[in-house]
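A, B, C and D are the chain letters, set down in written order, and residue numbers restart from 1 in every chain.
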Amino acid sequence: MLKKFINKPEDVVNEMIEGYLVAHKDVVRKLDSSRVLVRKEAPIEGKVGIVTGGGSGHKPAFIGYIGENLLDAVAVGDIFASPSAKQIYDAIKAVDSGRGVLCVLGNYSGDVMNFDMAVEMARDEGIKVEQVIINDDVGSAPRENRENRRGVAGEVIVWKAVGAKAAKGASLEEVKEIAQRVNDNTRSMGVAHSPCAVPSKMYGGEPTFTLGEMEMEIGVGHHGEPGVKRMPIKTADEVTKMLVEPVLEDLPFRKGDRVSVLINGLGSTSLLEMYIIYRKLYQILKGREITIAISFIGEFFTSLEMGGFSITLTRLDKELESLLKSPAKSPLFHYC
Amino acid sequence: MLKKFINKPEDVVNEMIEGYLVAHKDVVRKLDSSRVLVRKEAPIEGKVGIVTGGGSGHKPAFIGYIGENLLDAVAVGDIFASPSAKQIYDAIKAVDSGRGVLCVLGNYSGDVMNFDMAVEMARDEGIKVEQVIINDDVGSAPRENRENRRGVAGEVIVWKAVGAKAAKGASLEEVKEIAQRVNDNTRSMGVAHSPCAVPSKMYGGEPTFTLGEMEMEIGVGHHGEPGVKRMPIKTADEVTKMLVEPVLEDLPFRKGDRVSVLINGLGSTSLLEMYIIYRKLYQILKGREITIAISFIGEFFTSLEMGGFSITLTRLDKELESLLKSPAKSPLFHYC
Amino acid sequence: MASKIVSILQEIVKVLEEKKAELNRLDANLGDGDHGRTVVNAFRNVIEQNKDLEYKDLGDALQKIGRTLAFSTGAATGPLFGSAFIEAGKRVQGKEKLTLRDWKNALSGAVEGVKKRGKAEVGDKTMLDTLYPAVKALEQSVDKNESLKEGLLKAIEAAKRGMESTKDLISRRGRSSRLGERTIGHIDPGAASSYYILQTIIKNCLEEE
Amino acid sequence: MASKIVSILQEIVKVLEEKKAELNRLDANLGDGDHGRTVVNAFRNVIEQNKDLEYKDLGDALQKIGRTLAFSTGAATGPLFGSAFIEAGKRVQGKEKLTLRDWKNALSGAVEGVKKRGKAEVGDKTMLDTLYPAVKALEQSVDKNESLKEGLLKAIEAAKRGMESTKDLISRRGRSSRLGERTIGHIDPGAASSYYILQTIIKNCLEEE
């Protein structure tokens, strides 16, 4: 059993939200009737609302990104479980200023079905809603089945870009097109050497998977979904290579490309390690004459205390680069 | 053995620095002759230089705080080991604009002795240098022996305050007084349920301590130093109480006080848990009519992948509150 | 008639409560181990939100239940069960009592609802593998002009065999599809829960006859 | 004379290299397990930075060594060993050869250096517990007018007993002080390394006589 500092397992999400609300009451509020967190100022006159949602346990995602030039509302599910369609519907309604709402979600069947229902319902009421499903995880299905791939840390890049676009007053169609464009140009791949645990007992929970003493798993998902391959753990340089090569080939990224780089810690992997990884990644991209235009290194989309990390590359054009480089500010994410 | 993504254990610090430098070359540079990271613009005309240093493995501390209204230079030791006096001396020289340099360090004998030597040396050369030793960890010695206490996450609060004060053009004496005042008004207490490991083999290292399957240790140090008491793990609410009560009594904090709150994850404890802890902390302080004027929740001073967290309270006066609330910006810390 | 529907919903909660641990265990093999908890809460929630469920029209009642399920449950279960009830309800709109043919139409509506929502096919190791054989059995009974009771009992049998057949299938939908071949040898939790629900509904309707 | 000092430094590195694993192990009991590595590197570094160490004045040479140690080593070891050499050097300033009284003065300088730097007292389970008994032995030998050789050999003996005495002490300084009573039963690594260094220096000086 993995130890945790929690009270009753069934209360973790609600208590976390209580803590988040008192800590960041200047930025977010909660809907009375629904477990939905909303940006204090939303709906914002003239701005397309940005809604996402998903299971809990990924902090800073999702609620940590509600803020300036980022998200307007998040429907908060239980640990690793989709929120209900009602929550998503309530989120959509709460942030619609009349210019419409874009839903961005990861490609998980629970989330997809619940967003589908919510969007249908909102449309029935005359709200303009579009959705874009993110599927950046190269490790979760071969290229032929791209539509089956999971959404992982690439979601953060999408939020950043659409948040900036929406803030400029772009139309729903324009904002949606940005989300789609980022998704089409984004690929990720992860690795883990230690599991996390969904809280299930008073002081912790059972590991989501088990690996041998010195094993790691390549391609593993954000909830401990099995990946491409288990093998003995390798050096940071080797692992970095094993992750970035399939990512580079998949798009493919080419000489001369400008990219955004995201190295995302899954929970217990230290920043020390992430900078060692970044060092190698930088060398590899340099060797291929691919330019890093912007980089994010840290924990952006975790899996509780999982030990591991993912690498996300996004091919940039002028517009995407400038959107990713525009300022953004929320309780758990800053860019300026 | 705890698994890690590293290359050769003896290279971890240098490779991490390489990665850090390519990622943040617009903000920091490295001295040619010494493992010292320096703010790009330093020495800054008219500003007192702020120097710190210590062992590696605490990221975002220390180097992550080099930046605007924060630190000017950091002498980087090996994992959990003091940098040499020469490194510290080089750091001092690199950031002195003529207005003097303040060294802020944690109370560890290796650091204390090396800073002492470096400061003596710099003074011999006519540089104005002062130092303030931080000892906020209530768990490391009883009140009568306050001078023996370790410095832990409270260092971050000191950096934030002195960084802001120095940026306003204050004199060395004024900046030093702020550091001392923050230290005198700051108390911390930590807990861990899982160890970290200093990299010692190709793929990891041995745990710094071992605890029983469902045990935790109260008062544990940033390097796994033993604490006050081992006991079976408790709920988040109970643990929060066990940490904050000795902190409150030690100063003591009183009804009507305004405080800064820092909940610092030690490495693998999730933000989910930290917000559950913040919820309880908020209730306790509210019950005592102590006002939270500012709060920091996240990872600010870690111990590699240790599982645990610490709570730091600082009693504020008008000036300290305004210093802590002034903007600051570095690659791994933002406040605005 | 409100009491009758509410009492069947209460029976469903009772049965699912009994099977909760088993369903969680089945889901632990293939997914995240929460299916028992999720379905119990889902139907509890339906009762909570439809305490005064009155109807002249069984179709309306089923759709109301479906919307509550679909809308408020979360996880995969909500939209799937919800769509099943909603589509079933649409096929018996205006009816106050069901013939065997109505039962067949309702259940094939449920199948269509799940298919549409989950984009699953029969054989993908989902609740469809329970529901679809029941529809087939009902079709045959209708063709053979069998009695309501006979037909419904056969439908339960077929659903049970369908549920058991998922043991040998590879999951192609939902969370468990990530496990690929590793899913062989385990019954699908959604197939199991939908069997228990269908069985409880039919049993209670037959008792009333 | 440069070669002589450098060759003693090389001997020290050789001995510490042999004892490295043992010293790391001692430090693992009480601290962070790096003491062997740290002291070997420290003296390697001294040789590296003082390749052409010439002297007429032993006091100068010791201070130079001390400054390199103090300044470039890091950890607790650097300032402690460094201050010991620096203060020892100050007490024999201008000498090219040491009498027994010079040895006593130098070594009591080393003790003062460590005390000043580390704010430790005899009995705190540190390198002082090796060095101080050696000073005491030298004082007695000086009082008794014993020969250089006799006096130095007794100093080694006393240092050894001092090192061993740390086993029963509770650490009050440095990293290990955090362990309190749990430090009983383990020899202090700094006490051990300083014994090996002192022994190596004395042996090599006596051989030369």
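We take it that contacts are C-beta pairs under 8 Å (C-beta built on N, C-alpha and C of every residue); 3 or more make two chains touch, one makes a residue touch a chain.
No experiment lies behind these values; they were computed from the predicted model shown.
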What is the graph distance from subunit A to subunit D, where chains are linked when they touch? 2
Neighbours of subunit B that also touch subunit A are none
From subunit A, which chain is the farthest off, judged by mean CA positions? D
What's the distance between the Cα centroids of subunit A and subunit C, rounded to whole Å? 33
Can you give the whole-Å distance between the Cα centres of subunit B and subunit C? 57
Rounded Å distance, subunit C centre to subunit D centre (Cα mean): 81
Tell me, which residues of subunit D touch at least two other chains? none
Note the residues in subunit B that touch 2 or more other chains, in rising order. none
Would you please name all pairs of chains that touch? A-B, A-C, B-D
Sites on subunit D touched by subunit B in the complex: 32, 34, 38, 70-76, 78-80, 82, 117-118, 173-175, 177-179, 182
Please name which positions on subunit B make contact with subunit D in the complex. 77-78, 80-87, 89, 108-110, 113-114, 116-117, 121, 140, 148, 198, 221, 223, 225-226
Interface residues, subunit A side, partner subunit B - complex: 1, 3-7, 12, 15-20, 22-23, 56-57, 59-60, 64, 191, 193-194, 202-204, 213-214, 216, 233-237, 239, 267-279, 282, 295, 297-299, 302, 304-305, 307, 309, 329, 332, 334, 336
